[in-house]
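Chain IDs A, B and C follow the sequence of writing; residue 1 opens each chain.
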Amino acid sequence: MIGRVTDLLLPGARDLRGRPLRGVAVLLAWIGLWALAVLRRDRLLATPGAGRPDWWIALLGLVTALSIVWRAGRPRATGRDPAEPDGEWAAVRAAFARHRLATAGLTLVALLALVAVLTPYLAPYDPAAQGADLVATRFQAPSWAHLMGTDRFGRDVLSRVLYGGRVSLLVGTLAVVIAITLGSLVGAVAGYARGWVDTVSMRTVDLLLSLPRLVLLITIIAFVDPSTTLIIVVLGLTGWMGTSRLVRGEVLSLREREFVQAARVLGFGRARILFRHVLPNVATPIIVAATLGIGNTILVEASLSFLGFGVPPPTPSWGDMVLRGVRDMHEAPWLVLFPGVAIVITVMSFNLVGDGLRDALDPRASREAAP
Amino acid sequence: MSAGGAADAGRPAPSAAGAGPDGPLLRVRDLGVSFAGPHGEQLRAVDGVSFDLAAGEALGLVGESGCGKSLTALSLVRLVDEPPARTAPGSSVRYRGEELVGAPPSRLRRVRGAEIGFVFQEPMTSLNPVKRVGYQVAEPLIAHEGLSRAAARDRARELLARVELPDPERALRAYPHELSGGMRQRALIAMAIACGPSILVADEPTTALDVTVQAQILELLARLRRETGMALLLISHDLAVVGEVADRVAVMYAGQIVERGPAAELFRAPSHPYTEGLLRAVPSIERRDRRLAVIPGRVPAPGSWPAACRFHPRCPYAWERCATEAPPEAALDEEGGRHSRCWLVAEPARRAGHGYVEVGG
Amino acid sequence: MRTNFGLDRPIPEQYAAWLGNFVTGDFGFSFSRFRPVSEVLAEAIPNTLWLGGASLIVVFVVGCAVGIVQSVRQYSRTDHALTFVTLLLYSIPTFWLGVMLVLWASSPSWPDALLLPVSGMQSLDYDRLGLWGRVADRARHLVLPTIALGLSSAAAVARYMRGSMLETIDEDYIRTARAKGLSERRVVFGHALRNALIPIVSLVGLFLPILFGGAVVVEKIFAWPGMGMVMYEAVSARDYPLVMAGAFLFAVLVIVGNLLADLLYAVVDPRIRYR
């Protein structure tokens, strides 16, 4: 357990045993990064306008981003990882690595995560800073000074896009974490217990699925004022249904397999069997669902912001930028162009990764020549 | 069911040459099919297969799973997907003297169904589930003979009656899922013979069926042959099935034909050690005193075929030559009716002192 | 006035009253529009149905066509290109696509002859147009919103269709069809297509909520007076009776749509007809 945590926080620490030089180098790099993060934590955790309550969100985002970057580096690691229980994952990784588009997607995701974490250092201007002379600095077309131009208040679009990206990625990732957790729990219990638990759960899922997600979201928001945390929670609570169906299906088929019967015969309790034996085998489809889910959630969050019901200002958000840019888009098309392109690139990279993983899981995919 | 007592059943004796002016009805020489292996190399799943099929004759193609017999049959009319499979250069499949390898797709399509009919192993999945059985049986008639839908329907009804379906009218209108496995197979046979082909290729037609239904289907095939004089290429791993039906037999192992000849002779006195091993492994009610023998080892997968003679690691008679030189297909008699791919043909003395180990005791 | 509307009574009592009214068909009064909720919704539903219906057609016709092309030309450059394009389209947010379309169609370089309206359902002189004029006018107004709403889902359907076709072509009965000597065209369009469409039909139920959700955004962008627009304005104005009734109606529409899709499924797949 401790090993896993250290592995997560200090990736590469394992290598100290087998290849000391490489291990030390990687370790130093990570310690350096963490030191930087701690020493510069106020700048690092700055989300303009969000104030102090969001520091824990930023911290979680940091850990998530680092993990993604670490995972991105793993396919290049040599040798078998003794922690992986099944060789199936190694085969999946290999198939994934062969898929060129998918690895490109993974690299993009890692890059995006890195950019999101390092935004305060990368953004050329303060996203909330209005131009000194409003008339002269507003609506500037993209130029070397302002790579994506300026908006009606003279604010640099690139910086706003970067900060908006942080929010989108954070919201998307955290919402999906909630959704996946909830969905996996419900699905696993429903699939394993069957009977009335299953029926009730799945009927509820069906019912909830019959409302368009966006409609449900704005209905809820009509009653409560949105805040970043609320948006994350609500997005999570409206997105778990698909996962629950997926997990339920897998668990239903897995519970009849021999290793489950063996565990039952050995007298293991139901919860133990469910969580330690059955669920790990459902891990890979869940990861696929999670990856695709992040892409989808970012789209929904952006739509929500576009409608004006998303994260409250002054927190920048891509959807909000498009909304406010529509008014002036005929003179300054870059105001709506760049945030949209940012969304497309982000969502597309997650979709590429999810697709690649799904193809890698498909046993017939090994026949195909990867594009 | 004894393998070998079949040759005496009332079957039309194949005509002496079984041949028309251009040679036998179907003449296969050096047929090879290769696949790309996991590391990009070309694996020959079917290698140098040669056999003849005379008009009206029944040839049994025997072998265990994975020996390439189904692939051989499919590649006769290029029913295999061209990538990933490739027909090896030098292959020749002559139907009535006409070369099918490399023939234009339109010609091959005409041959399929109208000249050479196919029946496959899985009656449960070989019929389109969303179309009525009658339509599917009538389809080749519409496509090849240009019949109107009504005329084709009538012919289909006749065909369904001919394959002994109890209620042809109902079967016509039924969907596949409404029929049992045996009934579906009959329908598939009806579909295959609809245009009166001169060859019927049956790939494990009874394997997926119950034993009683198996016998019925075989009976049906035999009867249809009698009535139409059509040739039959029967592929099976089951020696008993083949023994029931075939005039001549070809035995396949690891992508090659290792022995071929008249059924009765082959079963009575096999030449190739693999054939011998197969026959010894078949329990027989008539010969209860004889113990079963086991062929040691396992069937190799394509890509890990042994060098030279592919059977040599498992052969009780093998000697050094078998591991270094691949034996060619050698004729056992002057008329060229029997062949064996084995060095024992050249050096029969090597047989002495060796043999299969019997099991039990 | 608070007493009039019962707003001074405790919340649970208000909710109970509302629920009671709701199930008896009294949807209440819209504060923001000063009209009964049922009237507002009754006017808006047909408009959304127009938009949704047109989008559904685009989604499945275009999606299936692309998917079929891809499957028939598997691994060709066309296939790879289309895979990339569908992935791209699938990642585009509907609202951004709508905004871009508006931007594009209202740019000065757009040819006059092909002028596509970016706002509203009908032109100002609609009532004076003849029958064909009205049809053409409605159609022209539908073009951009339908594309915006449907393109993303069409890309998704294309991916599903490709997969379904590829799976179907591997089936045994396709081998039988080929062995019968049928032309490749007949095999693909006569046999494979029919079977590949079956799972796609079940997708209709999946895409309905997506299309309706997207309608909220698209109707706002194109000023299309449908239920999405109503919902948006109602939430903005915190018009609770209208919001609740609207959400409920969306759910009903989706459920009805699902039922119709189930019926369609039974039509298409004879195996489940007699259950």
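Note that contacts are C-beta pairs under 8 Å (C-beta built on N, C-alpha and C of every residue); 3 or more make two chains touch, one makes a residue touch a chain.
Keep in mind it's a predicted model, so treat the numbers as computed, not measured.
Among the chain pairings, A-C comes first (most C-beta pairs in contact).
When chain centres are defined as mean Cα coordinates, B lies farthest from subunit C.
Between subunit B and subunit C, the centres computed from C-alpha atoms are 54 Å apart. We define each chain's centre as the mean of its Cα atoms; on that basis subunit A and subunit C are separated by 27 Å.
For the pair subunit A and subunit B, the distance between C-alpha centroids works out to 56 Å. Against subunit C, the residues of subunit A that register as touching in their complex are 101, 209-216, 218-219, 221-223, 295, 299, 302-303, 306-309, 319, 322, 326, 329-330, 333, 336-337, 339-340, 343-344, 347-348, 351-352, 355, 368-369, 371. Interface residues of subunit C, counted against subunit B in their complex, comprise 171-173, 175-184, 186, 191, 194-195, 198, 268-271.
For subunit B in complex with subunit C, the residues that touch the partner chain are 77, 79, 105, 109-114, 117-118, 120, 122, 125-131, 139-140, 143-144, 175, 177, 188, 191-192. Residues 75, 80, 83-84, 87-88, 90-96, 99-100, 103, 106-107, 209-210, 212-214, 216-217, 220, 231-232, 234-236, 238, 240, 243-244, 246-247, 250-251, 254-255, 258 of subunit C touch subunit A in their complex.
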